[in-house]
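After this come two complexes, each holding subunit A, first together with subunit B and then together with subunit C.
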Partner chain A sequence: MTATLETPEPVEVAVPVRPKTFLRGKGLVGLVLVGLVIAAGLIGPLLVSWDPYEQIPGANLLGPSGTHLLGTDDLNRDILARLLAGIRVDLLIGFTAVPFGALLGCAIGALATVNNVLDVAVQRLFDVLLAFPQLILAIGLAAVIGPGTTSVVIVIVCVEVPIFGRLLRTAVLRVRESQFVTASEVIGAGKAHVLRHHVLPNSLEPALVQLALSLSVAVFIEGAMSVLGIGVSPPHPSIGAVLTTSLRYLDLNPLFAIGPLVVTAVLVLGFQLIAQATNAARGA
Partner chain B sequence: MNPPSRRQALKAAAAAVLLLAATACQSAVDAQTSPAGPAAAPKQGGVAEIGVNLDLVPANLFTNSNVSITTVVGLVYDTLVRYDNKTLEPKPRVATEWKQSDGGKTVTLKLRTDVKYHSGRTLTSADVKFALGNYADPKWNGQLISTAKTITAIDTPAPDQVVLHLEHPVSNLFDLLDTVPLVDSETAADIATGKKLIGTGAFKFDSWRPNTDLTFSKNPAYWGGAPYLDGVHVRVIPDAQSLAAAVKSGQVHLARGVGYRDAEALASTPGLKVTSLEGAELQAYVGLNVTAPGLEDPKVRQAIAYALDKERIIKEVFRDKGYPVSLPWPRTSPAYDQELDSRYKHDVTKAKALLAESGKQLPEIPLTYVGNDQVFTAIAQIIQNNLAEVGIKVALTPVDSTGFVKQLIGAQFPGLWTTNHSWAQFSPATLTVSAYPFNARRNASKYSSPAYTTAADNAWKLQSVTGPEATAAYKELSTQLLDGAFLAEIGVVFEQAVTRDALQGFEWSRRREPDFSKAFVA
Partner chain C sequence: MSTTDVLSVTGLRVAFGQVEAVRGIDFTVAEGEILALVGESGSGKSVTARAVLGLLPAGASVRGSARLGEQELVGAEEETLRQVRGQQVAMVFQEPATALNPVHTIGWQIAAVLRAHQQLSKADASREAVRLLELVGIPEPATRVRHYPHQLSGGQKQRVVIAIALANNPRLIIADEPTTALDVTVQAEILSLLRDLRDRLGTAILLITHNMGVVADLADRVAVMRQGELVEQAPVEDLFARPARAYTQELLAAVPRLGHRAPSAVPVADLALHLDQVVVHYKDFVAVDKVDLRIGQGEVVGLVGESGSGKSTIGKVAAGLLRTSSGSVTVLGTDPISARPRIGFIFQDPGGSLNPRMSIADCIGEPLRVHKAARGKQYRDRIADLLDSVRLPTSYTHRRPKELSGGQRQRVGIARALALNPALLIADEPTSALDVSVQAAVLELVTDLQQTLGFACLFISHDLAVVDNLAHRVTVLHQGRVVEEGPHHEVLRTPTAPYTRRLVAAIPIPDPIE
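After this line comes the complex of A and B, so read on.
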């Protein structure tokens, strides 16, 4: 007679085994693309001899040349210099507004799980914010506080708060029912301890994936607001502002538009690939 | 011979369909691009499609001169007289004759008897009395209100006779009579809401869908003869590129509000014509709030006038559709003086010297402009750059157009502003006693000077806009404007109207009001 051993049920652990795939394939490509744009933004302006604000006498709407690689705009400024300076502005907006929106959203989402009444109120608020199309929200906010970089940052924060809030709430609700959380509670851990040491660390992974996605959305929002004339105020450059100006002179200089379009596409694609790779790496 | 297979038959059918489609498309393109020729015979019927970049604001019907308002006024309303676009000689319209007496203090007008409102009612002298009185009502913010208020009494001895009694003679009375729309007294209350716009013009107002379109139908009983067109359809197309594309593709026959660069590009497109609205000049300018820190000093204001690179703005922004000036007067104005007009030429050294003489430490000065206006967004950035060259720091403050007009009327600009003005194409006095930026008694710059007020009054109280007395008065007025420097003129510019060859007979007034009474679609 042979005895059969029952296969034990897998024990849910706090931190799942992560496939080491992030730095291969999509993740690597994404990092390289974003890294290239960041490098262009950081180093590029040092390599271009023109000031992005300088209105060069007589250089009105010039085509690409050795002196001006992408040509000049309607106000006689070097397009390449403005594009490179614009990358800095976009990255600054993205890396400020998105993390701030994420932090705020996560904090609200986590707090909402503590109390049912608060949870319902917060969820309805998120419903209202999510129901607004992003650009309508942008136009409304710009009408109230005026166009400019601050408006762009506030719009991105407003767009990100409900996304991160809802994401974290869902993760917290799922994780707090896990066996390791129950085990921690059984051995006498306090609510705050459980939340800080077990629930939150294991709920943040989806938010990290969303962070990369949101950075790409931020680039899109800045561009869209600039096209609508409510983005970064002149004379400051941004990718969206350069693109908006270029659209008016496509017949004269198509390369004018290609520059900002390529940068936007590379940046958005890079962030999307990073998000996908992060998602794959966490085994989702 | 084998019969064709099913596959061959399908291929042949597809080829035939493609051929037909291509032919149809070509015909459609041909129909849109075939020029009607410069002298096509007038043709009855059809609807003229107009594209405008701004929507109607009915409450500003008597205040503003944006493309929608001037289009509506030009189609629906008549005025008593009409200047031609070359001289300031009034020509008959609803008024057929006029006589000035009592040293210019009494004006008797004879009216046409065949003028009917779109409601069917015949226009009488009582309607003219109502229209002039209504224009003087402060609620409309009519810019010629000061001239309207010099009319102390209006007698209507006969249905076709009006007698105006003036407080004092004014040189710009006919500017008022050319400007005031003869509104219908029975429906005037509905003007501000845009519900009913009833006039005596060649076209009747049918409907207005905000931010979408306005429709007008022909007035068969028009005193000047029924128009050829059955109607006019005005589409609101806020995006300048879309507006240019609409006229290029034939969706509209006339586009108003196309950017200067787009107009330049469209001028070389077959089937399109770009017309500078000559006689209806506009002036681009920089306004200065003389109570703002630093700007109270005339030397600083003059330095700003010298710092502006007007030639560059005219060339690069207005694509040479205008000319730089130091004074508001166009070259056709009786007040134009070439010597005086050449005072503020771009001179960075002179500007720096004046600032040094002033010795003031200037704070950052805000420059307000309409943020969604591409032309003035570009001009604002050039001004910022020009002033930076002489050491004046400027902060750009874009606002929406409604907010801008509110600040202009309420004299609320915190520092500098840039936009355009009109009225200098009329009698010179009209500008300095009426227009918000110039009005000697209350202007957007908060500038007041007894000498300027006296010069403006003297020019206003002339009996004629020409002659040695008028020339001397205008010279003094121009000197006051140059010395006060509360406005720095950039240049006289012309609105660019882009029309398809198919639309013929389109005319315009000095206020850029289109006249479609003799227009037709060929």
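After this line comes the complex of A and C, so read on.
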């Protein structure tokens, strides 16, 4: 070459700054909302003097007052105590069932792409699972294994597995066509190496967004199953259980429903905002 | 401002937020003149053109003045600009395939542009469309008007785009890299069409390009841009003969030229790569048809051809990424897959071939880890050596690919390819995504490394001048077949096959006098 340019050429690349997604805007609001509910669930029961299972003599369907901030229910129990204990149950269900379903779904979705026949089989299985509306699936499963906390967890896992499986499969198929995957194949790397070092790390972003969305769906499923009478079984408290009880006495005291509704709304909104912020951060 | 100036730009500044993309430039385009705006990526040449037409995204702030005749375009009302676009100033884009709407016939698209600015009946508009297609040299224009874009070749599509640009007799055509997406023989046709149209219609052309050969071929005057500023402006002969500024001199020196390297060859003993009667099918399409190719140890063979000639397919076959339908491939005495630890591969797109989540050190060290060739201190030393050999500072080890420039990324790609001391290096268009000065530096690096390390190299490129500067022997491919093969100085300077002759003749020479 005739050219004698200085090498290497000067660095003029703007190093992209990681956006502070969770320090402002939607991300911050979402974190604060979810954080408030988690704090209420963790600390709340320690601050309320009533036991969620205790039947208080003479306190039947009382309205909100100084002693019972949200009133008492039909079995003379303090609603606030039950609600705070219920948050714990809901969070426990959400934070175990959703990540478990996500892991299972991601594993199945990613591994199925290795073999074409397996891929088709798994896809059709996902089709079947996705074809059921969530609640029909819930009723069906509850009919087989009976209502209770376990069946709520199983229903959530069953709902999440195909969602995450599909999501990861699509991402894997897209990333697998990238040139850096070919580059790795050229140097003689095996399938496992490529999957672990190149494909999976670049496919997990959408799953993270879905994780936040699915946590909000889990709250919904728990509530709906309680309303249908196949959720967390009495006398155990849950947000859905408290809501179900309050719905029956809506004409007597509409304020009964406010507690569980607000908690559900705040939790769902918080998770959705976190999901949106995570999604926005992916673009950067 | 003289009376014949079609466009005069003074003190134009464009800023995106804090970043100034164009920092106060002045130039004029006279009637019937072709002004070339040249510069490397990020120099602000496309932004300038878009600012003139008011086509910048909402976040951009434009100051200064751009006058079309007597009309001020900077800060003009959207309605005024809409009248100007298409009627007085037209634009030809880089990628003809995406500039045309795939669901309408080309006749419909030309007629739509005509009827947007003129009172014409449908019949008149379609008659005019036929005339325009004839003007831009489309054969059988009367039947072609009823064709859809996918029925045309890339060069024909670009002719249609030019016909649309000409529809309302604009005073100025802005052509933004009009031939970059085209093969060299098609590029030559489009350039001669543009020159011919200027001569016949007297339309002024603002040509935006990075290709000095195109500039020398077409332009009357040249304006060189760098980092948003105008470095130099001169008539094309003066600029090429006596570049006044250091940057222009560097830019011109970096342009690869045919026939500037002394003939060079190496004695061939053992074969590093041997393709024997190789055929590759993609379903019914024969991509590679009975190709023979031999590369000796320490020899650099250039594989040239236009798009679709099968040159990349051969690279993939040699690396064992594609199976042959028939014929045999021998790499370093064995099959390509067993030979992989001794093959290095450099990709065209340096960004896409590096995992965005890995650090530079991890990218370079991957072959060492996969083959467990080195660990611990030895591994870190090897990475430092590799970075050093591609002239990157060792402080870069923890950066991500995103934090490097295009040329630096390609250096990382080269370092990775060299990690296992390959006996055969396959380079698939390693410099075509890079700016010309960066390309020169990368090619120099590859040449140096080849001479010190002595690996054999299959160098795939569409750029004959690049290959001439690097290869010992050259193989020319056309539609999957080898048309000519031999020492680089013979094939590229005194070609015998008609196709090679056409190819060599079509290269725009970066010298306005030739």
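We adopt the following convention: the second predicted complex is superposed on the first by the 261 of 284 C-alpha atoms of A that agree within 3 Å, B and C clash if a C-alpha of one lies under 4 Å from a C-alpha of the other, contacts with A are read in each partner's own complex, and residues count from 1 in each chain.
Please note the rule applied: a contact is a pair of C-beta atoms (placed from the backbone, for glycine too) under 8 Å apart; a residue touches a chain by one contact, two chains touch by 3 or more.
Bear in mind the structure is a predicted one, so any value in this text is a computation, not a measurement.
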Original post:
Is A:Pro234 touching the first partner subunit B, the second partner subunit C, both, or neither of them?
Top reply: first
Subject >> Per-residue touch tally on subunit A - higher for subunit B or for subunit C >> reply: C
**OP:** Once the structures are superposed on A, label A:Gln179 by its partner contacts, choosing first (subunit B), second (subunit C), both or neither.
**Re:** second
**OP:** Considering only the touch criterion stated at the top, classify A:Leu75 as touching first (subunit B), second (subunit C), both, or neither.
**Re:** first
Original post:
So, does A:His197 touch the first partner subunit B, the second partner subunit C, both, or neither?
Top reply: second
Original post:
Which partner does A:Gly188 contact after superposing on A: first (subunit B), second (subunit C), both, neither?
Top reply: second
Original post:
Once the shared chain is lined up, is A:Thr96 touching subunit B (first), subunit C (second), both, or neither of them?
Top reply: neither
Subject >> Footprint of subunit C on subunit A - complex, ascending >> reply: 1-5, 7-9, 11-13, 15-16, 178-180, 182-190, 193, 197-198, 201-202
Subject >> Residue numbers on subunit A that touch subunit B, as the complex places them >> reply: 53, 55, 60, 74-76, 143, 146-147, 229, 233-235, 247-249, 251
Original post:
Any idea which subunit B residues touch subunit A in the complex?
Top reply: 240-241, 259, 261-262, 265, 315-317, 371-372, 374, 377-378, 380-382, 384-385, 396, 398-400
Subject >> Residue ranges of subunit C touching subunit A (in the complex, touch as defined) >> reply: 42, 250, 253-254, 256-257, 260, 319-321, 337, 340-341, 343, 345, 347, 349, 352-358, 366-367, 370-371, 391-393, 402-405, 407-408, 411, 413, 416, 419-420, 437-438, 440-441, 443-445, 447, 469
